[in-house]
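Just below sit the structures, each encoded as structure tokens.
In what follows, chain A forms one complex with chain B and a second complex with chain C.
Coming up: the complex of A and B.
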């Protein structure tokens, strides 16, 4: 009797089947949708790539985007990099004071900064400022028929809107990381001088003697790779918007999250391949 | 009417979204230099039809010819060349909000790259004079009223002097004075020999301008003909729409 009551009734069986169906259905839809997004991002990459041969970019739009992306990001990147350099010196300072290894401070702080922290932190800031703005701008243009208006005027929206944004994001991300490295060093040197009492010349000497060009270049490669990923992802989500203001909001959210994930995955891959 | 006299011809044009047909077997013929009034209740597929004529949306069935060229066989590059022969005024202006008025109007000429900058500037000033908005080149779209935006959108659509212009509800939401200004512009374009398709709900406003009429209802053609035939049409749905019976 007890065994019989433990068996599920027909109603319970059908309920469990329903739950399983719904779960599998939702999982299936999500997987298909992820493949769809991945395919669309590949398609956007292809559309961008073919417009480089020969280059089809609107010059005036490119200049406007270089200014918006590069010059307007300058201040937040400088502030971010200054603090990154300073924090790394504080972290390294614990061991420097413990072991008296002041001659290694520039190397200790600089190594982690130029190879990892500077590209990652700057990319995340850049993603929040430029990537999100890019998606929102393109998305708004899509829902207000400005993209259709461009096509109606016989202007290719990818050449006119996407290419300048993509080129500006890749080139400026790379330049900003170079600038960020230099600023982080200044932040680190100032912190070592005023907080730890280590002369800034000792800090710089340690950096110059022990950091190789390959360490600096690794950060630069990462910056370019992150710029490419953010450029493609933010343009894809903006260009694929549908559903009005709600759609634009959703696209910005998806773009920022996807780009952040791409930054971490690419950071792992570039580090693994080059190191 | 010979084929050479037609600037737009649609045959059996249909479009489906998901499983529902939103436009079904629509026929349209527009003679060169004439104006067609495209009318019908909201959501009947008027804007979709003109977007298909402009090559912005591809039909699922049927064929469209513009200026003697069939759109179906054209790739995106060839389609772009064809679109240069069409001007389109969008219902909600669709002005580029990151460009000022002068840049908005000059954009198609600048990208085309056929005219020197000085001449483009001059052309922009001329067209702004035509739409009675002289000297507003440096204003941004958000600084303009609805009527001004509509006229700037009109200026941008006709700056290349295309043989065919499509007006999607050119007077929607405008006061009678501004509407009258827009109708004067439409009449002037017609006098200059431009062919046009005008979507409008202001039947009194476009009545003196249009030679032919196409009435859509539920994605299907309900009537096509001239004004006299439209007024005499006994179909209840046509009478209901036209006479308000």
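Coming up: the complex of A and C.
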């Protein structure tokens, strides 16, 4: 090319410009839009934070949300935790059987469950059930102009709609992980008794002797952190919806994806900071 | 509940009947949900075997399900791998004082459990909500009725291309995610505990059963996600609220069914593959 003509022809130039422009443009657009989302999430966190001093929460709405978020997620969390406990016992059981160390089964399965899997799995289920529903509800209200109606009545939509949801998600996520840990233990004990043939008392004893309170608490701290992240992210995406039914669907999708990434990144950070 | 006729409305239900209704209602709802999913699954498999082939649509769905999830899957897999190796390393240092087994055991657990299941849960979040939001919006805007009017079954037209794309792409994404987690774990082991990558990358414990179990799990999950998400999408009704409901339902159903399948397949692996 360069031998034939020292200067690139007009056509080549426009082609290379086009590719460079498109790449840079795409990169820049993505950077700008993710920066915008990040900024909006920070802004939402600030809006939520300032409403805690002094607390401005609608009481009746708070009770309703606590019920919807906590009590109605109960069955799903219980089923999830049972499976998580059972699966971890099966995985640990393979090693236990190889080395004949049945006394370590409760430790192996329990350690992974209470520190890692139970918070993560419950957070993912909670994200799917509560976070998605939250975004969908807020989005529907936004699309059907109910949020504007609240504003027209001089009711602050953030303290009426978002604060109760945020508080409910954080508190219930924390409590549900405690419940989930207990249920996972039951699932694990049942699996070790019936599938592996290890007596459930052996399982419980090794769990109680080798797992410290700090291990349980790490899971609980993680749960609170995940609850904060999911609360802020799902409320942000729901509150920022535009564009009818399609917009609501897209917002729910974005919300669960961002929350899932936040869960895993925070999981790493909390583990690293606390241990 | 359903059999309540006009005559016995007058007689208030007593305690026992209320209890039965309280226990029965979730069971009936779960049964109806599962029946809908089973119907969609049967239709999908039937049309996938001898329906029309929509090659271009399948390709574009594969692009959206596979390539566009790469960054998301990589972010999650890397942070999960780092966290797991960090925690396992701390424990091994404290209890065994020997880190040579860290790498092989981590890779084994990754192949058997975390690689396929976490990737599938992530894709259930990202792809599952996408599919159900898309199909749900089509249902509420009556595009699916238009399809039916033209003599095309919505399962054949909408779900089957996604079924093929997701089945193939899930296999690729699980392999990719295992690789990313493994490399992230290797870096963590090197940086945090000074385990050299050569020691970490030993494949001594890996048996063919591990790889077979991983592929089997990813195949099953890949087939599950579009079917369950599509069933929730097709069951959407009402406006933007219906789309939100369908998306929520899709994440919850996908995740629960994936966990259940994980339990079954892990049990199967424990009993037959990993001996």
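The definition used in the following text is that the second predicted complex is superposed on the first by the 267 of 275 C-alpha atoms of A that agree within 3 Å, B and C clash if a C-alpha of one lies under 4 Å from a C-alpha of the other, contacts with A are read in each partner's own complex, and residues count from 1 in each chain.
Definition applied: a contact is a pair of C-beta atoms (placed from the backbone, for glycine too) under 8 Å apart; a residue touches a chain by one contact, two chains touch by 3 or more.
From a predicted model like this one, the values you see are computed outputs, not experimental measurements.
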Contacts of A:128 with chain B and chain C, given as first, second, both or neither: second
Which superposed partner A:58 touches (first chain B, second chain C, both, neither): first
Contacts of A:144 with chain B and chain C, given as first, second, both or neither: both
Touching partner for A:188 - first (chain B), second (chain C), both, neither: neither
First, second, both or neither for A:156, with chain B first and chain C second: first
Most chain A residues touched (candidates chain B, chain C): C
Contacts of A:272 with chain B and chain C, given as first, second, both or neither: second
Chain B versus chain C as contact partner of A:180, first or second or both or neither: neither
Partner chain in contact with A:94 - chain B first, chain C second, else both or neither: second
Chain B/chain C common contact set on chain A: 137, 144
Residues of chain A that touch chain C when the two form their complex: 75-76, 79-80, 83-84, 86-87, 90-91, 93-95, 111, 115-116, 121, 124-125, 127-129, 132-133, 135-137, 139-140, 143-144, 195, 244-250, 252-253, 256-257, 260-261, 264-265, 267-268, 271-272, 275
For the chain B and chain A complex, residues of the former touching the latter: 51, 54-56, 76, 80-84, 86, 88, 90, 92, 94-98, 107-108, 110-112, 156
Residues of chain C that touch chain A when the two form their complex: 26, 72, 75-76, 79-80, 82-84, 86-87, 90-91, 105, 109, 112-113, 121-122, 124-126, 129-130, 132-134, 136-137, 140-141, 239-245, 247-248, 251-252, 254-256, 259-260, 262-263, 266-267, 269-270, 274
Contact set on chain A toward chain B in their complex: 58, 60, 64, 137, 141, 144-146, 148-156, 160
